[in-house]
Structure formats: C-alpha cells, structure tokens
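Presented below are the structures under discussion, each in the form of structure tokens.
You will see chain A twice below: alongside chain B first, and alongside chain C after that.
Coming up: the complex of A and B.
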C-alpha cells in the first residue's frame, strides 16, 4: 500500500484526569477515530481520521475531549499553502477527483456582510412588533399582468394562477433522500408543516411515509427523473425543475450504489444497489423552448393547480437565463449561489464555479423589472444564508423568499465538517446507514427547526419594525433600505445599492 | 404508576444512560469520582445488536415474579409507589429472581453473594437520571408507553 504523506488535520486531546473510559466517544464517532484498548483500559484516538465534527466532544459526559487543529506549520508560502499541498498529495495517492461536502469554504467576499440596513429615527416612527401587527406572509407564484373585472356582474375576468402562502419567507432547500436520511426528511417535512413554510424533496423522490406532508412539499424533477410519477406530482404544493445547484453548476450527481438501500431504491424507482446517476444536463432540455415544454408538461400533469419552479445555479449570465425561464412559463425562479452546499461535489467545482448569490439576485431582479416581467415569477435565493439579517437583506435586494439548507442542518446537529460525501456522518444527517441515521429523532429535530424559524421570524419583525415597515411586502426590492460599506462603484452599481453615508 | 419506557427506534446505543445511572447511584454524584473512585454499578444496560438497541432496566411489573419467588422478602414491592425494590441486607443470593425475571434484568453479584443493584426509579429525582440524560429522547418516563 502507498504510504500516505498526509499529516493529520486535527488532534484529539483527551484530558486523562477526566476521561472515565465510558467509551461513549468510541460508539459515537462515525469515522472510527476513538478506540478502546482493553489491555490498558484506555480509550485512545486515531487522529488522522478526525474530521472535527465534534460529536464526541458534545457527547462526552465529562467534557474530557478537545479537538484542535494540528498546529503543524508548513514553510510560509502564500501560494503553496497547506490546502494546496495536501490536495496534491491526495490526488497523487488516489489519481481521482477530490470530493467534498457542504458549501464553498473559500474567502470570496460575502456581500451580505457589506450591506447594512436602515432604521427609522425621528422623522418616521419605528414600529414595535410586540405591540403592533407585523406581516411576514409571502405568496409564491405568478401574478397576473393586470386584473380585469366585469363591472356589470362584478366577476373577475382575469384567470388567477396558483399562489402558495408562506408564513415565514424561509424554506428548506432541496436535499435528497439518499444524501440525507429519511429521519431528516421527516424532520424537515414536519417542521415546514408546523411553521407554515415549504420543504424540498431534492431529486431523490418522496418517501411514501411523507406524502401526508404534501401540502408543504416542493417536489423536484431533476435530470435523473428519480421518483417522478403522477402521485409524486399530485402530492406536492410546488413542482421544481432542477437545472443546477450552486455547489456544482454544470455538474450532475452520483449517489453511490452502497447508499441505494431498499427504501431509497423504492423511493427513487431504481434497482437496489445501483448507482443513481443524475446527468449534468436534462437530456431533453437544450434551450429555453425545451424548458418551456417541460414546464408546461408538468403544469398539464398537475392540471395547472401548482406553481412550477425552475432552479438554476448562479452563473455569469444568470439574469438573461432567469428572463428566459420566466418567459418559458416558470412561476418561481430559484437561484443557488456559489456558497450553496451539497452532499458531494468535486472540490474544484465547488470552490471555483458560479457567482455570489447577492450579485446574481440583484442582477436577476433588476433585469426582470426592466423587462416588465418581475410580476410573472417569484424569485427565491439560496446558498449560504446564515441568519435573519441575510434574509432581510435578500428580500430588500428583491427576493421573495430564501432557501436554507446548511442553516437548517446546523440546527439539527451538523457541525459543517464537510465530510457529507463519506456517508459516515456522526450526527446521523448525511448518511443512510441505519445505525447512524437513528441519531436524528424527528421529534427533537423538527422542534429545533421550528425554533430556528420562530427565532428568525421574531428577528425579521424587529428589523422591519426598526425600518418603520409593517409588512415584508413593503420591503421587497426596496433597496433604499440598504447601504453598502467597503464596496467599489461597480459592486454598488450591480447591487443597485448606494454607498453608506450617501 | 410511572415507568421508564424505551423507544428502540431512536436509541442510538451511546450508553449515556448507563453513565448517568452510575453517577446518580454513587455517593459523590460526581461523574469523574463515580467512575474513578467508587465501585458504582449501572442499573440500566443497553442491549445492542447492530443498529437495534434499547436501554433495559427493571420493568417494575405489576405482577412481579421476582417478588413472588423471593425466599427472604429481600425483593419487595413498595405498597405505596408500586416500585419493586431490593434490600441487599436480606438477600441470600439464591438467584431465584434472576431465573424468573421475564426481562433478564437482574444480574448476579457473585463476589457479595447476592444480586446486583437494580433500578429504583431514582427516588431522589422527579425524572430518573437515565431518562433526563438521554440525548435522543429514547427513554420516556410515563404512565404508559
């Protein structure tokens, strides 16, 4: 076997005076880091396997564990930093594409952090959301260009399109069953139902057990068409065509056969143990016209009762593409930015392809307004939304709602260790292993997710109140409530935001 | 009466119930001392077979065979609370209770020639330690399951 030249990334420190050899860490680690030496009655660690997911740290009953970054320093070299060196070592040992999980971890600018919000002082009153009503309800879908009423009869001549209400403008991103366990799917579904929002199946189909949450479910139709059948479409509130994903624009998906258990196979409608391959493009979509055919095929199949969403990765021509998507008949355009996460993607793609969601959102909203078609579709953004301020800023930039994936998973235990692609998630999230998947108790996880949404709702209301706005609708696309700090003229121009102080 | 019921579908086999049971039944009630200095014994044991696991402790049966079969009256049922208790001073180590327990909960204490300590539902606590400290709510303390 090839000798690895990779040093351990983390060091497991065990406080011997506190360790009681209870072996909880041994049982909890999904990566076999901890082991018990019976002869010496001592628990030890294989540091080189540690991914710093902190499961053992959190579960240790005596707080005996600390995980530290291996302080091993390379000779200082701005170009040849540790990561660049280690990636080459890994590739020279495996000859393969490097895989990773979660979202882009590079230091691209985070524009949310360069945008600040307004508040009322003296000349217009702020509103106390605890004393006065505050409206967060959002409707997703297509609005008519104009409303025509027959004044003789008082009847509406305009044919209304289906709209979906959200009590909080935050939905759960697409994460497929197979990438995550059924327990996580159930937790997301239950939380969305309780909080009055939507969750997204991802491209792996909808398990039979979860059909009862259909009225809060977005079902995806992706390039692999996994699990798509009439019942699946009928069960949903929204149907989403997945063209791309922020973590891997232009790249397909691959769920390895080991993860395709009997249940996953039945839900995806593929043979057990076979690799589930999602092609990079939809093989029937090579133009906006082709996309339009699929959109209308899905609308026909669902009798025009559900909005159809089209999700794309934020790429250079996002604005023009979004315009085409709206003209093709989509009721919702979902855009996933460069920080969007994944269960598995080539590291080189995740870290280098796509554009920041803030810029994509601003340009898409601007373009749709200029073309007079902004009313024809809702805009949903995803990819790295971390807190309620990011949500408010997104809405002020023009979004109707946001998707959260990583934030939702963090609320149920994820520590963003980026080892999703291994399927050994110690937190029982990104795995279909029945021993690990039990770690997510849907009772607890759905409660935590609802708590997160409730907390964000309160914070959004506080921020709106401060701005003197009593409905989220009034903030949507209102970029005058934003100011930029530390941005160039070009950045400000693309964001459509003025410099702070001006 | 309230009993501890396991939910095997969410038991993750971490055995923190065992750890906290030991601590609760130690003199010091300190987790490090309970393990390092005292010979405290857990009264709950996690049964495990692959992904299937659950915590097992005395079921405090309404018809306790262990009490009926006890030669000396060491095993008795508290008439007020209904808790099945064991008095080690009266136990002669005949282990009949071990034989009759339908759940296999009771264990031998060979060194002291009696049975090992059994679940007492933590009389000093509102909720037994194993239930209060289960990280995945795989143990519930309730009138019925």
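Coming up: the complex of A and C.
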C-alpha cells in the first residue's frame, strides 16, 4: 500500500512516569490506536488512527493519557486551510465520497446565541417554580378548527384527533438501530418512558425486545420501509414519515452490509450482510398529494388512533413545504436544521446543504399562522439543540417541542468525534459490534438520560418563572419574550423578534 | 355519506356491500366492523376509486372487488385475499405484509412497492416503478407475477422477493419496452419471459440462465397465475425465460471513502 500523504490529526501523549502498561487503553480503543509491544514491554500508539474520542483518556486508571491536536502548521492560507487540503488528499487516495458523522461543524451563525430571553422586574412579578406549580406538559397533534357541541345531549359533534402528552417538551431524535446499538435504543426507550416523553426508532425498525415501550415510541416510515409492518405501526404512539434529515437533505441513506448483523437483519427484515439502501425519495411520494396518500394510508393502517408526523430537513422553501404538509393531513411537522446530526452522511452535503433551524422554525410558524392552519399541526424542531435555553428559545419562536439527538448521545458517553460512520465507536454507541456495544449499560445510560431531562426541566421552569409565566403553553410562539443581539434587520425580520434594547 | 347508509347484505358467512357513493374512510370503517365477525367472504360492488381497501383488516378473508379500487389497494395489508374484477390503480400492495391480490386487468405505477410478504398476480400490464424495493427475510419471500409487460424502473432497488413478467400480451416480434430494469437491485430475483436487451437493464443487474431451483419457483408461481386467469401453465412455461440477478449484494460498497 502506498504511504498516505495525510498527517495524523491528533497526537497521543502518554506520560511515561504515570503509565503502568496495564493496556486498558489497548482494549478500550475501537480504532486500534494503542498497542502493546511485548519485546519492549511498552504500550505505544498509532497516532494517525486517533479520532479524539477520549475513551482511553477517561478510562486510563493513572491519568497518563492526553490527546492533543497535531500542531503541525501548514503555510498560512485562509482559502487552503488544513481541512481543505486533507479532504483532497483523502479523495485522491480513495476516489470515494467523503463520509462523516454527527452534525455540521462549520461556523454558520448559531442564532440561539444571538437571542436573549426576557425576565420580569417589578411590574410583573416573577414566579418561584420551587413554590408554585409550573406546567411543562405539552400535547402533540392536530387541534380542530372549532368544536361543535350538541347542546341538547351535551355530546361533542366534532371528531377529535389523537393527541399525545409530553411531560417535558424534549424528545429523542430518530436514530436507527444499525446506526446505533440495541443497547442505546433500549436506553432511549427506557428513559423516554420514565421521563414521560417520546423516543424515535429512526428508519431501521423496532427490535422485538422494545415493543413494550411502544406507548413512548415514535416509529419511522422512511423510503426504505425497513421493518415496517402492521405490528410495528400498531406498537407505536406516533408514526413519523421521514422525508428528510438535516444532516443530509435530499439524499437517501446506505447502511453498509457489514453493519447488518443477524439482529439488525431481523429488525429491518432484510438478509444479513446486504446493504440497507434507503432511496433519496419515497417512490410513492412525488407531490403533496402523494404525501397525503401515504399519511392517510398510515392513518387507515392504524385506524386513526395515532398522530402522523412528517419530518423534513430545513431547506429554502421550508415554510411553503410545511404548509403543504399540514394541508396533506400531517398532525405533526418535524423540521431538522442544518446542524442536525447523522450516523453517516457525505461530508459535502452535511456541511453545505440546508438552513439553520432557527430561521426555518420562525418562517414555518409565521407562515402557518398567516394561513390560519397553525392549530392543525404541532411543530417539532431538531438540529443542534444543546441546552434548556435553546429549548426555551425554540418554544418562544413557535415550536411545540424539540428533538435532541446529539445531546442525548453525549449524555451517555459520546464525545462528538464524528467517526460514527466507521462503526468502530469506542463508546459503544454508534456501532453494532457486540464487543463495543456492550459498553452501554441500559440501566446506567437510561438513568443518565433521565437526569439530563430532569435537569433541563428544572432549568426551563426557572426561566419560565423568571419571565413570570407559569405554563409553557403561554410562552409558545410568544416572540416578545425574545430579543436579538448582533443581528441585521433582515435577520430580525425573519426571526420575528425585536432588537435588544428596543 | 353516512356509513349507515351503506347497503350491506349478509348471507351466512358472506357479506355483500354496495359501495356506490361511499367515501373511502366510511367504507373502510364498515370493512373493519365486518371482519370482527365470522365473515369469510366480502363482495364489494360498485367500487369506484375508494382507497386503501384491505388495509388494517389483519386476518384472512376473501374480498371480491367489482369495479375499480383506488390507490394503495392492500397497503400494509396483513392477511386478506383480494380479487379485483377490473383494473387496479397506483400503489397496489404498497408495503404489504401478508395475503394475496389478484387483478383481473391492469395495475398502475409502483405496484408491490416495498412488499415484504404475500403474493400479487396481475393478468395484464403494470405501470412504472413496479416491484421497487421489494424485500425478503427468511421465510417471508414476496412474489409479484405480471401477465403482460411493465414500464421503466421495474424492480428498482429490489432487495428481495420474486418478480415475474410473462409478456403474454406481447404481439409476435414485440419486446418488453421497459428501461432501467433493476437499477440498484441488490437482492431477490426477476424472471422475464421473452428477451430484454442489455441496455434496458440497470448496471447493477446481470442476466443468467435459470437453474433447477428457478424452474421450481416458476412452475409454482405460473401454475397459480394460470389457475387464477384460466391460462395453460405448460404453454406459458414453454416460453423462453431469462433470469435477472444483482451482481452484488453491495452495489455501492466502493462509493465512499472511510
């Protein structure tokens, strides 16, 4: 094999006076960075394989390890920075589409950081959430335009549609079994059940073992229709049609054959070792009318007992598309922004396609209000939500709830090293390799996830109380509680918020 | 229309429903109610465009449709046996799980899309993108048999199952016209009676000779087909068949840089 022109991205530093040659690092690394040289009785590292996931650093019993960015400097050139050079080298050596994992890591503006929240002072007293009830419960689904009551019998004439309660307006984003291990799926399912929220299967089916968490489960129907059968739809609380994903708008997905283990095969209901190809479009959806046909096919298949969600990537015409989705009969519109993550996507797509979720959310909410159809569907947003303030800002911008994917995975160990697509995740998350996958213990991981949601719930209540609001419903779409800093007039106009100080 | 206005006649385990002017949602509500009893056969007359017939019925029952059912006939279907005395529209058997659909006529686009079990027999022609993304797993092997010919993208992204095209209504010297057959196909098998040119196939597909197992598959399916529509199976089987197979289980394995 020719020597690669790629330099190592990280350097493994081992403090010789601390290292006891115990080889924990050798066993923990999924990327075969560390190895033991028997002759010299010394643990060494192949720096060029390191992805900086920090598994070895955390597990080294003597704190002998640290990982540094390779300080190797290229000749300064703003256009030809290291990443641009190294991508070309890699493609020249492989001839392939560059793959990556997690969400967009480029410096596009993060509008959450340019929005600030209001608080009550003097004129409207703030509320102490430790003493007073604070309502976070959110219902997802379609609300009727009006309710008709037969006053003689006192019965409702309006046919109501199913609503799903969330105790906390934060759900776990779609991540398929195959992209992540069964233990992670189980952790998400258990945490969602305990916290009173929903998790999402992604498009890889639902393992038999997890059917019992069905009432907290969103099942996805994507273009590959993997593992989709009546039992799967019946098990769910919500059925979601996946049209697009923030990390890779407009393209399909390929789960490589080597990740299709016996269990993954059984869940997706395809032969072991074959590629699981999700085509870019659904072959039965070429228009809003076709989408409507699938929405109602799913409603028929579940006898109108479950809300149907449609998930799209945030793209230029998101507002018009969302309007079409609502008119097509969707009960929930989920929008995934440019920072939305993935187990594997072409890097060029992840880094360049789509729009920030804050702008998409503001324009979708505005459009649905203008058209008088905002009540007909809940709006859920995803893509880079990092903390409870992002959640509160999203709700003030008009979201009913949010999805978190990366934040949830970080809570169970992910260090966002972006190597999910390799299937070698040292943390046992983005892998189906049984040696690695058993590192996630669902007892511990679900507890960590519940902790995260508990912490965010408390913080959300504190922020609400500070604003003098005692129910999340009162904040929803209330953009007067937001102000912008460092934004242009156009940005303020699209976000529908005023400049701080005004 | 109010579902109670639907005309329903019962005699023993047979139910006859007149669907003229009945909205699909009301019709399917009636069907759900009807199958909760001991009914074994449902005759639907005056069907005109009602969608999703056979969806969410969840058990074996014979449904005879007189007229033209609407899109997504038997979508997500799990058990019923449907006979259509007329043509079917688009999306027939969409993501079907179990059961059988027999069309005494033509069927539209994406027939058998993503079907994962059961059988579909079409007497005449089908539209575009038929059999796309059919799948199989262990004993669940869906079969789709087309008596006439098909349009482009037949068996695209096929991931399992058996797709048969018999070309029975082609005139002497006439050939199948479909292009992009089996594009992206990575599992399953297609048998085509009559020839197709190499340029009509997706680049992921190869033409091979039939072996004994293939003959056995074909004998069974063609016998069923002939039985449904009153053909002579031997005569059909005497024709020349080709077999299309994916060249790789991983057609896009070399597309990416890891």
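As a working rule, the second predicted complex is superposed on the first by the 502 of 502 C-alpha atoms of A that agree within 3 Å, B and C clash if a C-alpha of one lies under 4 Å from a C-alpha of the other, contacts with A are read in each partner's own complex, and residues count from 1 in each chain.
One rule holds for everything that comes next: contacts are C-beta pairs under 8 Å (C-beta built on N, C-alpha and C of every residue); 3 or more make two chains touch, one makes a residue touch a chain.
Because the structure is predicted, anything quoted here is derived from the model rather than measured.
Applying the stated contact rule after C-alpha superposition, one finds that A:208 touches neither chain B nor chain C. By the document's definition of touching, of the two partners only chain B reaches A:22; chain C does not. In the superposed model, A:443 lies in contact with chain B only, and not with chain C.
Once the two complexes are overlaid on the shared chain, A:422 sits against chain C while remaining clear of chain B. By the touch criterion defined above, A:81 reaches neither chain B nor chain C. In the superposed model, C is the one of chain B and chain C that contacts more residues of chain A. Judged by the touch definition given at the top, the superposed model places A:434 against chain B, while chain C stays out of reach. Of all residues in chain B, those touching chain A in their complex are 9-16, 18-20, 31-32, 34-36, 50-51, 135-138.
On the chain A side of its complex with chain C, the touching residues are 90-91, 93-99, 223-226, 228-230, 233, 254, 256-257, 265-266, 269-271, 273-277, 279, 283-284, 293, 296-298, 300-303, 346, 421-422. Residue ranges on chain C touching chain A, taken from their complex, read 25, 28, 32, 51-52, 55-56, 58, 71-72, 75-76, 78, 90-91, 94-95, 97, 110, 113-114, 116, 129, 132-133, 135-137, 140, 156-157, 159-160, 184, 186-187, 249-258. For chain A in complex with chain B, the touching residues are 17-18, 20-24, 27-28, 59, 61-62, 428, 433-435, 438-439, 441, 443-444.
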